[in-house]
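Per-chain residue numbering starts at 1, and chain names A, B, C, D and E are given in the order in which the chains are listed.
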């Protein structure tokens, strides 16, 4: 029965008129899950299924024929891959932005208060690797501040950075504002002025392969609409 | 050997005493992190999470797919192990090396390989697509991904057991008129039950914990392809401690399934 | 049994013919995706990538840490397997269940568990911190993470082999005056060479492919903690096909290491 | 170096007290499943008794509290199967004991080669056990057990699988070697007991049923098993007069008291023992009369060729008695299964003594 | 159901042609490592020959091109070790053959119980092989081989490990069963050959050195091995006159030609064979004169107690000759290793025939 399960969820959506498959970056898990419920409430009879994963994973899957209606990426590079592969219907649109913040353990053992403090000797700093969006943002911020960071680890994702700070093994980490917010009291954030020089944008697009193009577009609009923006804003995301 | 495969209760088991030192260290090395995890979990807060619909759906899916892929490993892996251990010598080393490859492949890459092969545009997938069969992003894809990563575990550990067991009983059975098929079912399989049990436990566990290949090849759709490890991964985006609590559920369930199957039935088959 | 552990070239090996059908299917299931991968790789473009400094550093680190953690598995795992297979019966089932747990733990959660334990604020780590030892972000942490996930593979497969081999030769050796330690080195270990080889191959492979626990516990810094699987993951963010090419390097290197060690030396020790 | 063991294992119905004196060689005989190998496993420490104790040369090997592990007992065991270590070649197998005892590699090899020479297996030194024939493996196993130089040597059917040339040679070797050692040997052959053992212990159903100096026990067996081993006919009954035995179903059996044996008092349990060669067979119509003799009606069960003779098994109401005849005599009598015959044994050939 | 095999395996120095006629039982004898088990493995299909062929009842089992797998040969093998399936209990072990042959569960169990009864092991039916003694396991293995009802039955030392009561009973059972079957039996005991075999084949070093009807071969052995098996002294030489043999180192040996044996022509290779009981021993100073007799100077090597007799091994310049004496005679002569003696054998007791 497995063959029809997912294929069916996409193909049957046209006939039932209510089912959507949204491919979204893993960092959007919390917000999009909430948005999904809201969307279903606003569109009775509709059902939103999410496939969360790394943005690059999702693009690979789409390129290999994954049945999906909407793609929300955590960065523009991956969305560009999707558009150049001709997967998107229309131009992708930015629905949220995010800026970096320094995350430190609540006790702030290394006494980090400015961006400069990150380069103090003995500070165990953890950042994202440059290959991932938060890493390239980190590089931009460091460049803007004219500093060379000496991290003890260049992590694969913000979640990994955050994990090291929460566990106390890192004295500081560079993550997004939303991540600090999402971590509750487990870390404290230290904002720095240069963060605005490296803004990360989140694009979203309905997909060509969608069997339910109108509902897909409605979802895109919903995310970019006021209700969507409120949820995203509450989580700490900036407006597009 | 098999005659006394299970050490007799009253018999002699001469373990050097010092062996308990590294053994205890090893057990502690495994145990302490688990305790460390347990210590971090605030159960009261997490019980709702653990019993949420999505968690239960993921757990169910995990158990079902892990059982299915263990069955697939059994069906494909036992013959592979037999051919490796006893088949014609020519090319055995190459065959073994091939079978080991998925073992070292980072799971995500394994998932990509499956996607390149069974995806809609893949080597095999494009032909399947023609007849209307799509594998990727279905529950079947989860089973395939799990089987792909788990199969070598069964094959390698069973091959070791088969070689240790040797083929003398099979030869005697043949002289009693038993066809190779009869020998296979009535002699070979029962004799390697401990090795087979090990292999099945390994592949069940590997399937249950499988994450990377599943995510890449099957995606992460609730109720269809989002197994518990994927749920844990997503949960970690939200709250790492909650993810740990969820993972513990996986661990407990696995321990129960494995403990019951391995401890009683399989191991008992020989010692009884 | 061991007397004829290795099927004689001229001897009888009665495999049912139909067994080649599932065996072939199994081999194809493993092989075709690998071919699918190979077909995707544009070698000319990727040779510079594969021979880049960061790739080579990652490869070196991977091999070193995988060997180190395999050694750690050997030192801790062989005693654990022995105690499980032959030790006092009481509590054996619980011990076995415990040892199996890391097997089902999604690797990332395993990494978290290690972090919670050996991290600066962890159960053990806070005491280590007092004496100035910090494990996180060191190569040692990589080895620990790999050992944590690989250890059960060695233990489980070796335990199966030990049970299949039984303890009769050990008993005879003891009556000839050999202390348990002498018996361990001169009888038990040589007798389970095939099972030990399987176990080592499994844990080496698992270590080599290890990603989640390493990333979570040890971090990812070129030359220190970024093993090849981590490098593959990063590469994937940029170009999945390049990541596949890099993963193939891992696979080839692993096949060579394993093929040489397993095919010749270890398996040969018994058949020769 | 005396050895004493008392032990019981309920599960196997084993309950035996057993003793070997310093320098003595004891043969343990008994039917299959009597508990002979169990006795050895207990002495060697491969099995734990439910209760009991064993003492070797003043050292307690086990009792209710203590338990000395096998390697520290100074007891070497040649098991019923050769169990050569499959991963070592022949000479390494034999050198295992000396090496374990702390000998240098060179000395151990020297000792191994010496013992291999003794069992005529030096030519096999470099082979793997898998490349040996059954008898070759058995010889190597004997060499391995002897090379261990234990305080107490236990040999479980050492001559099994040996050919007719090797067995006598090894018997002579053991005779030489065991003369200086304290040893126990399990065997199914009276000849082994005769040649090697000072004393014989007969086990049956986990218990000692008979024991004594070898020659005495095999000449005057008091159990059916020992009589069978010595190749003698055996009848049990009660004495009615000196040299006379009432056997149920056969009536009075006439024999002679052996002067050196214990005289049986009237009414006592006693046995009558006689050789198959001393039994003659007649047609029922042709039974001769004369000197005191026993004559029993019987039905021939079976004829067995035995080298130059024929062995006739004949069933009396009480027991099967065997008689050895020349083939000519058997042919003349026209014997076959079912023939009714009379068995005659001269009283002078029947030994009667108390059981 | 005749069977014929010719095969060579270079690695084992095996090169033998072998035949069994329909319904015949052949005993294969030979020293350890002679190739007896190898012969069986070839016939059963557990080993491949370098070259050769085997035919059973007109069917080719193997030749240069064809190769029938073991299960399709109709050849059952009782191996030298019992090798009971450890995961099956005793009755399931014995039922294995019938089940494999397609019998219903019920029928197979019935057959198994019948055969277990025949070998007196029915009481063990529910045990696991690990819970059996050596002899019990051997009996079950015999039952398992017999229950398979093959066209050709191969028994490798079936009586090893059996006790003195069980061995004769099983010998009689096999005598009954084999009378109707085509079978080959490997043994180290002349008695087995006498009782069970129509014909004897002696293997040595992978080759057939002697073969013939059992009684004839064991009474007039032509190989040292067969003579040893029959318990006879054996000298090889060349005839110089009828009944006279020149043996290097011993000079002329006087004997008699057996009327039924092949007369040896002068100058031909021939053998002299005589029983140990027919050899007397004298002090060198006391050698009697009289009827035609042989007298050889010799040095005593060893004395062996053999039940009621003493066996003396004495080395002549040519060969070791054994003599059986009463203990009294041995004591009177004051024999011990190293004693110089003269061995005397009456010519009438020495059989001379062509080799």
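Here is the rule we use: contacts are C-beta pairs under 8 Å (C-beta built on N, C-alpha and C of every residue); 3 or more make two chains touch, one makes a residue touch a chain.
The shown structure was predicted, so the numbers you read here are calculated from the model rather than taken from an experiment.
Asks: Going by the touch criterion stated earlier, list every chain that contacts chain A and also contacts chain D.
Replies: Joint contacts, listed by label: B, C.
Asks: If you tally contacts for every chain pair, which pair is highest?
Replies: Counting C-beta pairs in contact for each chain pair, the top pair is B-C.
Asks: Measuring from the mean C-alpha position of chain B to the mean C-alpha position of chain D, what distance in angstrom results?
Replies: 54
Asks: State, to the nearest whole Å, the distance from the C-alpha centre of chain A to the C-alpha centre of chain C.
Replies: About 35 Å separates the centre of chain A from that of chain C.
Asks: Using mean CA coordinates as chain centres, what's the chain B-chain C distance in Å?
Replies: 14
Asks: Between chain A and chain B, what is the separation of their C-alpha centroids in Å?
Replies: 33
Asks: Name the residues of chain A that each touch 2 or more other chains.
Replies: Those would be 57, 60, 163.
Asks: List, in ascending order, every residue of chain C touching at least 2 other chains.
Replies: Residues 1-5, 11-12, 14, 112, 116, 122, 168, 171, 174, 179-180, 183, 191, 233, 236, 240, 270.
Asks: Using the touch rule from the top of the page, what residues of chain D touch 2 or more other chains?
Replies: 45-46, 69-71
Asks: Give every touching pair of chains, nothing left out.
Replies: Pairs of chains that touch one another: A-B, A-C, B-C, B-D, B-E, C-D, C-E, D-E.
Asks: Tell me, which parts of chain E touch chain C in their complex?
Replies: Touching chain C: residues 9, 45-48, 69-71 of chain E.
Asks: Which of the residues in chain B come into contact with chain D in the complex?
Replies: 8, 10-12, 14
Asks: Quick check: in the complex, which residue numbers of chain D touch chain C?
Replies: 44-46, 69-77, 79, 83, 85-88, 96-97, 99-101, 129-130, 144-145, 148, 150
Asks: Contact residues on chain C for chain D in the complex?
Replies: 1-5, 168-169, 171-180, 182-183, 186-187, 190-191, 193, 269-270
Asks: Okay, in this complex, where on chain C does chain A touch?
Replies: 112, 115-116, 119-122, 134, 136-137, 215-216, 218-222, 225-226, 230, 233-238, 240
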